[in-house]
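By letter and in written order, the chains are A, B, C, D and E; residue numbering begins at 1 in each of them.
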Amino acid sequence: GGSDDEATEDTEAATEETTAPAAECTTPTPVKLQLQWFTQAQFAGYYAAQDQGFYADQCLEVTILEGAVDITPQNVLADGQADFAISWVSKALASREGGANIVNIAQVFQRSGTLQVSFKDKNITSSAEFKGKKIGNWGYGNEFEIFAALTKAGLDPAKDVTLVQQQFDMAGLLSGDIDAAEAMTYNEYAQVLEAKNPATGALYTADDFNVVSYEAEGVGMLQDAIWADGSRLEDPAYVDTATKFVAASIQGWAFCRDNVSACRDIVVSKGSKLGASHQLWQMNEVNKLIWPAAGGAGMIDAAAWDRTSSLSQTAKNLEGGTVLTKAPDAGAYTNDIVTAALAMLDAMGVDTTGSGYMPETVELLEGGN
Amino acid sequence: MRRIAYRSSMFVVAIVSVVALWEFYKIVGPQDGGKFFGVSILPRANDTAMPHVWTMLSRYNRPEVRGSDTKIWSVVLSGTLFSLRLSLVGFFMGTTIGVGLAVLMSRFKVVQRGLLPYLVMSQTVPLIALAPLVVSWGGKLEIGSFVWPRWLSASILGTFLAFFPIAVGTLRGLASAPAAAVELMDSYAASWKQTLFKLRFPAAVPFMVPAFKLGASGAVVGVVVAEISTGLKGGIGRLIIEYAREATGDPAKVFTAVFGAAALGITMSGLVALSDVLLMRNRPKETSA
Amino acid sequence: MSALEVVSTSKIFNQGTAKQVDALVDVNLTVNPGEFVSLIGPSGCGKSTLLRLIANLLEPTSGSVSVNKKTAAQARLDQDYGMAFQQAGLFDWRTVSKNIELPLELKGWDKAKREARAKEMLELVKLPEFADLYPWQLSGGMQQRIAIARALAAHPQLLLMDEPFGALDEMTREYMQGELLRICGETSTTVVFVTHSIPEAVYLSNRVIVMSPRPGRITAVIDVDLGSKRNEDTRAADGFFRSITAVREALRGTHAEHAAANAVRGVEDR
Amino acid sequence: MRQVGPAIIFGIAFLALWESAVRGFDLKPYFLAAPSKIGEQFFKNYSRIWEASMVSGGNALVGLVVGTVLGIAMSFILSRYRFLGELITPLAIALNAIPIFVLVAVLNNMYSITSEIPRRVMVTLVVYFIVLVNVAKGLTQVRSTHVELMRSYAASEFAILRKVRVPNAVPYLFTALKVAAPASVITAFVSEYFGGLQNGLGSRITSNIANAKNAAAWAYVLGACLLGLAFYAVSIILEGIARKGEAK
Amino acid sequence: MSALEVVSTSKIFNQGTAKQVDALVDVNLTVNPGEFVSLIGPSGCGKSTLLRLIANLLEPTSGSVSVNKKTAAQARLDQDYGMAFQQAGLFDWRTVSKNIELPLELKGWDKAKREARAKEMLELVKLPEFADLYPWQLSGGMQQRIAIARALAAHPQLLLMDEPFGALDEMTREYMQGELLRICGETSTTVVFVTHSIPEAVYLSNRVIVMSPRPGRITAVIDVDLGSKRNEDTRAADGFFRSITAVREALRGTHAEHAAANAVRGVEDR
């Protein structure tokens, strides 16, 4: 990405300064991070960085703010009530178009984890087969990939399908009210597999379902990314903090890659209400979205970015509108900070590509316990 | 005292009947709901939609998440108490504002005509559109050493739902003073304020009591919804949404929190009912049948 | 200087509608300070309406009312009035004693003084032991006595009473009449008093105003010449019976006239 | 003119203040939209707002009517059978205290997520409670002289209900309706937040807010407000009809 | 057969509390069919309470009330009563005419018949042109006449009236007295009538019951021997004045006794 030159210079200057030893930390810089949702393994990297002292090592004192139904992280950030925020790219770009000066400084999730899950007997194996079906989604801006898939398949979301907003559970799918339900690989899909099949008395298995993956359909959009306040990026001190923050966060993610169950425990101890096996599954699935990261974790891949932004401009929603009306400007993301952060991590000997990453196999228990 | 004992026993009877009905329906009701003329009228009786009562009750005594040693009942209890505090704050602010507005509107007809339609409209603004604004403005507010606590935003939303019924009920009540009594006060050249406190408010009591009841439950709903929507930790609303996420696998869990919210509502309206008894104790009793 | 002056005053309800009622037409009345004036006349002739106009609780359709050279509105603001209505109009939520204290509270009296006066008034109306009861626990006559006590409590300059003794038994009534005269004499209060009892009107008043209905207006003014000191003997005095007869005659005229008017109206109406 | 004049003046003043606040403090559209922008969106999306209003308004209307009828019926029963009243009132309170979100979630599972029934049931419950609380008070706060008179006629409880309690409860009923009218609208679309068909005002508001299209979201909010106001106006008109000629 | 029998009946309010009131103690009263009985006595002596007991609006603390050999409750259910209260108690939300129709509605009369009767009653109380107004648009006396019309409309077997003519002027009052006697005579209605006016009690009644307060009880029963046909001449009859004097004496005794009792109480109380 080509952010404007001055900012780049500042960033570099700042980065050089921060390579000074972090040991002599007297007053740690306070940092507030706004999450998208409640505490769960989706955010394990940040909790791990906090728990393992990676933030402290960078002389940061990080407060993690949980999300909620009506908390829009990027707006909280733009509003000055957080220093960084985790948000999906398309949603954040919509806010940016609405005047929120926010910049993507690290693309943590390299892939989309959104699925459309349906029972086998519905025969829905691709988005083209959504036609005439009741299609579940969560709303709140988490449904853009569905619109993208529909648009790609030449379907009109207002006429060719019945869109149904799902609740926070998967009951709608299991009871047959919804033909195909939106599910994240790391969360709702697991909920389905944790539920008992009343016909057999045993848990459902993956064989009972068809799964449409938007990433595979070619309409995957970039998801969890770290966003910074664009107006403050001219301040070298903020850039310095951002770099350290990204570095420590990626260090946290790397830790979780290598210590899956330890991270599960960290998340549970931070007050996640979801059960342990569920959380472990989630940790494992989230790792799959991050690792391996060819260009280094957090690097924003221009191709994926362009795909996200063009889908955001073309995918028609229920009202016939699109997420974005015009292409995001060049300042919407920068790789400068993550590059500097990765350099710091490389110097520390942290593996930031995870080229040898192998996912684990997690067994789900009833109710996620 | 006897009255209170009687009321409580009635309440127990009521609960028992509901439990009986619930379980009865689970036996006779259709597992997948019943349809009449293509409209589903009968709810589903299966264990996901309607868990057994004992499943829900026993859930209270099991750990919140596996491995933890906090039982659900303690979590729900502390959540309920937390939300109760916020609701009380919301209710008192709502009462102040509601009564204040009603007084203003009854004093100046112009204000009434100018304001009332907008008060009505304000009630149709969804909390989802307001919650982020309140949180954000609150977060920016700092007056001297006063820093806006996050929970205050939830109370404010409780206030938002509480004030309206109170304002409307009080307004009606203030207008209900008998004409002859108003004339009497006029003949004393009682000031507007004196007439208000010595005549209009006492005369308004029968209208204000139901208004307070609605206000109290409005405050609860506002606070709980605000907890859900702003993610405020510690309250029953937050618990509800967290447990709701697990409804697929653990349907009884969300009910434990729902009952907590219900208990919260009952407590609030119990407080109002108490004020009713106090305020009406010297009024002529309607001759009983 | 006159204590009360009503100058060609009219009051028309629902003016211009089908239900128009000419409650009062062109009423003129002057009352001197300390004078006791009674209004008497058939039901619906506008007595209560006239009282309300004087008390500035109604605005006249035309004409003017002045009290002690002030407008009625000003007099009201100066708390010159004491009123007892046709219906007791006690506040259900106040005890008997607190009901009596109401006008005193409004005058800003302090608590001790108020309570002392309320007690005194309760003695006056012979209900001292009912101070702490609520009005709805009292009989109709008791309620009315409380309302009278309330009207007298603040020793108003102009006392307006609308059939205050209507619900009282004869003994209590005569006692209350005596007390009213005594108090008003001592404090030289001006009184306008509505009653349906001719002996009562004569016994109490310096002048009796006879009114007739539809439209309501004053048809006769009868001066009562019984001196200022009145007692049980007054009721046996010659002047007493003479005045009673005079008022009765005036009233009968009013009634006859009214009946005739009605007959004419009756034709017009149908 | 005297009736609506102040409302119009107040409204214009309020909008002017809002507009100038947005401009003066340079509030960004993602945060708070200016009334002018909202108005623009409102007229642009007029027909969509109308369609969505029909869906949510339909749910609100069904719930309002059913809830009012049930509430009145229940308060009749309560005024007649004290026993039942003591049995049911605390339950009604408890039910009403459960936030809409949650009940809808529970109801969505009990019915079907694609059904409008849970939303209507929800509105019904909210309205029912408001009507019940007020009307029950109105039915019992009658003058004892009146009840005595009726008793002396050996009027049945039903006759007393019809001739004394009901007329006495009328002002209470309309107080309730004035509160219930806007409440029915807000409940109808708050019920949409939790899930279900995405055809009403609620889902339009959330999706526009999620899209950072604040002005469009508030255009739908405006639709909701107008709907609530319409309901309110109808209840005022009904009151005027029901109570014409009576004492002020 | 007696139309009404009250047997050693007592009524105590707030029994056992500090505010206990012995409203009625050991009252015995028998009224024959078609008889007109008046209750008279100082304010608060329990007249209204007795009327309420008879009408089964209050339960006696002890004793029993029977009407036409039925319990009071049964008589009430059989709609044997007509009542006019001390306070008019009209319904603000009904027009004058609808107010009068109320008891007829409850008896299930059809609309045309009700309206005809209401019209007739309005003529009787001389307010025919006010049928479509609301009670609060009437004067106090007019309201009371409407209440009387309402009580008479259904031609009840037992008519209970609590100071119905209290707010009426003398002319109207005498006219109403005559009408009441005429109607009750024609329909042989039994009447229990509360009044504070001795001449009224005597003029109307076959018997006058004198009561005394604290505790409320019957102290004298005075038979009035004026024959069944009464008219303007009755008021000049010898028997009329004799009865008046008898009642007055009885009442004075009551009052004197009451005053003495009060004096003793006064000592006790403090």
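Definition applied: a residue touches a chain if its C-beta (ideal position, glycine included) is under 8 Å from a C-beta of that chain, and two chains touch if they have at least 3 such contacts.
From a predicted model like this one, the values you see are computed outputs, not experimental measurements.
Steps from chain C to chain D, taking the shortest chain of touch contacts, total 2. Touch-path distance (fewest steps) from chain B to chain D is 1. Ranked by the number of C-beta pairs in contact, the top chain pair here is B-D. If you average the Cα atoms of chain A and of chain D, the two centres end up 39 Å apart.
Centroid to centroid, with C-alpha atoms defining each point, chain B and chain E lie 50 Å apart.
In terms of their C-alpha centroids, the spacing between chain A and chain E amounts to 86 Å. Mean C-alpha position of chain C lies 26 Å from that of chain E. Within chain B, the positions touching two or more other chains are listed as 44, 48-49, 127-128, 136, 179, 228, 241, 244, 247, 284, 287. Residue positions of chain D with contacts to 2 or more other chains are 31, 105, 109, 112, 144, 148, 151, 193, 206, 209, 247.
Of all residues in chain A, those that touch two or more other chains are 69-70, 72, 75, 79, 167-169, 171, 175.
Residues of chain E that touch chain D in their complex: 52, 55-57, 76-79, 81-83, 85, 87, 89, 91-95, 102-103, 105-106, 134, 136, 160. On the chain D side of its complex with chain E, the touching residues are 143, 145-146, 148-155, 159, 163-164, 167, 170, 243, 245-247. Residue ranges of chain B in contact with chain C, taken from their complex: 178, 180-181, 183-184, 186-190, 194, 198-199, 202, 205, 282-284.
The residues of chain E lying in touch with chain C in their complex are 13, 19, 21, 40-44, 47-49, 86-87, 129, 132-133, 137-142, 145, 162-163, 166-173, 196-198, 248, 251-252, 255, 262, 265, 269. Interface of chain B with chain A (complex): residues 32, 44, 46, 48-49, 64-68, 127-128, 131-132, 135-136, 139-140, 228-233, 239, 241-250.
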